[in-house]
Amino acid sequence: MTVVRPSGRAPDQLRPVRIERGFTRHAEGSVLVSFGDTRVLCTASIDNKVPAFLRGKGEGWVTAEYGMLPRSTHTRSDREAARGKQGGRTLEIQRLIGRTLRACIDRGALGERTITLDCDVLQADGGTRTAAITGAYVALVDAVRWLQGRGEIKRDPVFGAVAAVSVGVYRGVPVLDLDYAEDSDCDTDMNVVMNDGGGFIELQGTAEGHAFRRDELDALLALAETGIGQLLELQRQALAG
Amino acid sequence: MTVVRPSGRAPDQLRPVRIERGFTRHAEGSVLVSFGDTRVLCTASIDNKVPAFLRGKGEGWVTAEYGMLPRSTHTRSDREAARGKQGGRTLEIQRLIGRTLRACIDRGALGERTITLDCDVLQADGGTRTAAITGAYVALVDAVRWLQGRGEIKRDPVFGAVAAVSVGVYRGVPVLDLDYAEDSDCDTDMNVVMNDGGGFIELQGTAEGHAFRRDELDALLALAETGIGQLLELQRQALAG
Amino acid sequence: MTVVRPSGRAPDQLRPVRIERGFTRHAEGSVLVSFGDTRVLCTASIDNKVPAFLRGKGEGWVTAEYGMLPRSTHTRSDREAARGKQGGRTLEIQRLIGRTLRACIDRGALGERTITLDCDVLQADGGTRTAAITGAYVALVDAVRWLQGRGEIKRDPVFGAVAAVSVGVYRGVPVLDLDYAEDSDCDTDMNVVMNDGGGFIELQGTAEGHAFRRDELDALLALAETGIGQLLELQRQALAG
Amino acid sequence: MTVVRPSGRAPDQLRPVRIERGFTRHAEGSVLVSFGDTRVLCTASIDNKVPAFLRGKGEGWVTAEYGMLPRSTHTRSDREAARGKQGGRTLEIQRLIGRTLRACIDRGALGERTITLDCDVLQADGGTRTAAITGAYVALVDAVRWLQGRGEIKRDPVFGAVAAVSVGVYRGVPVLDLDYAEDSDCDTDMNVVMNDGGGFIELQGTAEGHAFRRDELDALLALAETGIGQLLELQRQALAG
Amino acid sequence: MTVVRPSGRAPDQLRPVRIERGFTRHAEGSVLVSFGDTRVLCTASIDNKVPAFLRGKGEGWVTAEYGMLPRSTHTRSDREAARGKQGGRTLEIQRLIGRTLRACIDRGALGERTITLDCDVLQADGGTRTAAITGAYVALVDAVRWLQGRGEIKRDPVFGAVAAVSVGVYRGVPVLDLDYAEDSDCDTDMNVVMNDGGGFIELQGTAEGHAFRRDELDALLALAETGIGQLLELQRQALAG
Amino acid sequence: MTVVRPSGRAPDQLRPVRIERGFTRHAEGSVLVSFGDTRVLCTASIDNKVPAFLRGKGEGWVTAEYGMLPRSTHTRSDREAARGKQGGRTLEIQRLIGRTLRACIDRGALGERTITLDCDVLQADGGTRTAAITGAYVALVDAVRWLQGRGEIKRDPVFGAVAAVSVGVYRGVPVLDLDYAEDSDCDTDMNVVMNDGGGFIELQGTAEGHAFRRDELDALLALAETGIGQLLELQRQALAG
């Protein structure tokens, strides 16, 4: 089996991943994450309010918004602000990011405040949602440290870590971390979010060409596990830096 | 391990499922599908046009829209038409339904026409999206038969069948086809769409409480396979009726 | 004068009318009303709030929303939630339904709560607004009984009853309860809402082809009075059931 | 029976009515109509296109839009352009105006062009929709004459004339042409549109306080007929001027 | 240099300007201002609330909204309320009007209330924004006098006066108060707002054809100063009337 | 007069300015421009279509869109895509950017294509619109070179260059290139756009505190001229690089 990936990577090889903290200066957490040519700016903003359904319960909230700059893509897409609404794909992705980050937050320990993760894609080359989750986790930790640095929270509300990667069957071969060239010519595609305890947070698999068999699913999950292990390590290094 | 499900069902037991064809008379396909108290009206409408990106290519399109009547739920929800936009959950579900049904259609054989599946929830008790997919498949087949009956298409564009079910870990036990009482008190929840060849079309798993382990995932997939087998048989019977 | 109505009905004959209470289970009142092939699901939902302009006045409110499922009609209409706004016809009808039901409610006796009538057309064959008013009245009574059953209100806020029917001049002959075939080939068309005291609540007449004379108006009003008498009787039977 | 109307008018007395043609100079027809303190600017604009559903049929179209300046009313209302949508009342009124003016137009004779009547309320004191219809008719005739003056149409597409007035039961007495003080303290209220052949074009009666009896209806219709006779005469004089 | 302006005016000549107070009767200030054929109705409405960012600070607010009637222009423009949003030009103009009028108001002396200036163009012939500012100032003063007449404010919050005019280079010659014919065939165009102390409030110059030189700028500013002097005098006369 | 600017700059000193070409790789032109801590990503995208009003005329179009990332500012602003519309400030700025860049383009030489400049603020510290214009000019030139490199246009459609800077009166002293600390505590503020021939393209001055005198205006224009001279030189160096 000698499929050559367009990028020349081995089937189980991530793209070069970079996590730069402090990319902009106003946000409490600000991370530029790159998975190869995919670059996403993830900022974490703290607001001392919570949504109406949580008011007075002593719990915090973590939520996310996602956007692509109009020319982050090969051909220019309409600006959602100009069209007057966010598309279904955008809403789906930002709901996913918010859900996965809430999975590693103790909302009681956070207290009545909201952390909003804005994930804006500066350049897209496949895998923007998995890069966004991986980077937003680091921005979230930075925002929490900011709160701790000012003595505003006592216990660390972040438990564990989360990272995400895509996997797919490209020309019959299961591969890790699809780039755009692979993604657009791929039969099956799955986004996997895991935590550092080896548990699954989200699993979203779609058969684009034909349905995938159980053995393919197993191979994809194994690849994802490998990749996420490396991403969690990169997050640790970035946060230690 | 003797968890009692609120409904008294066995862990691997579907709710009573009913598929009524011809529920309304204008649509080319019209199915009322019930998964217990969840009732969804699925209509298939044929239009002799295709979206702009397909024009002139000799291919057809299948798409879906989803809605809940305001008082299909325990407490009344706002009417999306009155609020002026469809919410993120709605868009996510209708994108899912469209994608899964396109997975069993030969778009060339369909010819330049669009079939729109409208899935409107009359009463909700958990699992509306899986009921919608299961019922919409039957409405789609009816619409295709309508075209065949008028000689408008030669080859049958439907290959295979698709059905969907939810599975989840309820109080530590993997169970099939969650109803609302289980869904709202459940740690992990997965929607599975499969075809009649045993392949996976979509897999959407979310850890609501804590992350799920690989062995739980395996148990859930096995349950889903069982349930979908029964649903595919019920679809066959309905279509034979 | 031997006009044959497309349905074969006599000029002063209603379509078969059915009023099924308890059609869905979550709403405090839930009625499926059928005027022939026109089927409208009317639910009444109670909310313990009132609009801002009534707050603190000790009075309740009754309001209505109306919608058509996209394929309730001969050809599919756009989903209003997807288009991002309710059309003028929809707003006009829901304002009419709300207004006519408020005409039989003592808002002081209702207390500071809102009852919302959702009228959703499952299948349309002419006369959806008159069917909706006739069915919504029954759902409203059921919701009020639900409040009384729980001891939340003392005096019955419903006084009298209201029902509605359309009348029109079809090929020169005044006829009762137009179906779609008649409605689309009709010179004059009037919706009449009356109460059980014989008073008029609303009168909306439109000359589609040519203006109508005073004697035609008189004939139409007489027909409406007959039809509404029968509808009020059917409401009484349904509520006694 | 000696009810004194707030304005001191007799029950069957119109407010002073003025119809000024050529109020602004760009539009093909431009009329400022006043019913007492109610002042509406009605312009008729010609466009050599028709809506999609009429294209290629050789027929024209007449349509209307309605708006109130934010401070045309006693207290300032929100600007609909700023709120981002037209309210239900606005849509209802503009649909009514368009429908009634189409009732006096031979669309074949108009040819494939659209005449849009914009009715903008500069000052409101009750009866804005009936003033708008009465004034818009004159603007429509002016626009048609403009077309005739340039030889663009051969046959006059306007047949007959239409005018409108409100009637209501004020403190038990049927009165003609309600002003705001009466309108807001009135049990029953009806807008009547008639043509110069004595036929009814539209009839919209609403019981605000209590239902109206048949004899009240007859009295209101008689008043409307009187008032509309006078309005038709004033239109004729204005158009002769 | 003998450029003939389309209107025959001298380069430094304003169009005939008229300021009619009390044009409509509900608003606390209501002014119809005409700069030649440009006619703008400016109303000032008082509301005893302030925007959220000012609440509890003891200061008032002055804001403006701007609109054009659809057929105020040579060819009909879409109604912004029907399109569902205000265009960029509208927002830009209403922000400008609000800003310039706030420049002559002592917000502390006004107290916690908002004055909204609605500037609606009945007929457009160039210079609508400068006419609007000039007229809105008079309406604002009338509204303040209304408050003073009722003893609701003690100190006069209006200091100084503001007026506005456009200037431009038309066929190489600097001219004052451009009308539509000049404006649409003009290289450079500047809107100038000044107060009665000779200070500049706003300066908005745009090179439509080619960039303007410093000497042209100086000539335009001198023209503007002359014109605004005359407009301030006309405001004084109107307010003295 | 020894005012100390918060940044310690001299009154006529620009912030450090950086112009990085090729910041992202999909766009035909992509420039990250920094004026101190203000960082704006400007991309130029080519589309082989023109707006409807230009179709078939053989001319091209240049337009701009502007946005701020939600946390580019000190406190997070709402995402315009989520709010469903672009604010007045955004529309005003993007209209300004488009207008100024069209002032240096020969639209006939560009041919029937549109170049869209997307200016997205990654970090804001005052002067985002002037940085955007200065950077977008470079991106525009790069896009034009891309077209020339592929032989798609013959003549260079760019004539001259444009750059922009803000000036203002800070604590009584005219200063160049305001940063956020100055901008928010400043009496008068002017944005100036000039070309390399020394001509003015746009001038937008606003008196925030009190009106500005003619001599202040002259001082500000002189400062702007100095600053723009330096910016034009930096553009030349960047484009030569």
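Structure notes:
Read from first to last, the chains carry the letters A, B, C, D, E and F; within each, the first residue is number 1.
Assume contacts are C-beta pairs under 8 Å (C-beta built on N, C-alpha and C of every residue); 3 or more make two chains touch, one makes a residue touch a chain.
In UniProt terms, the chains line up like this: A, B, C, D, E, F = Ribonuclease PH.
All figures in this text were calculated on a predicted structure; none of them were measured in a lab.
The set of chains touching subunit C and also touching subunit E is given as D.
Hopping across touching chains, the smallest step count from subunit A to subunit F is 1.
Over half of the residue-numbered contact pairs of A-F are shared by just one pair in B-C, C-D or A-B, which is B-C. Farthest from subunit E in terms of Cα centroid separation is B. For this pair, subunit B with subunit E, the centres built from the Cα atoms lie 59 Å apart. Averaging C-alpha coordinates per chain places the centre of subunit A 51 Å away from that of subunit C. Residue positions 84-85 of subunit B each touch two or more of the other chains. The chains touch one another to form a ring, and the order obtained by going from subunit B toward subunit C and onward is B, C, D, E, F, A. Against subunit D, the residues of subunit C that register as touching in their complex are 85, 87-89, 91-92, 94-95, 99, 103, 190, 194-195, 197-207, 210-214, 217, 221.
Residues 24-27, 30, 37, 39, 41, 43, 45, 47, 65, 67, 69-76, 79-82, 84-86, 90, 116, 118, 120, 122-124 of subunit D are the ones touching subunit E in the complex.
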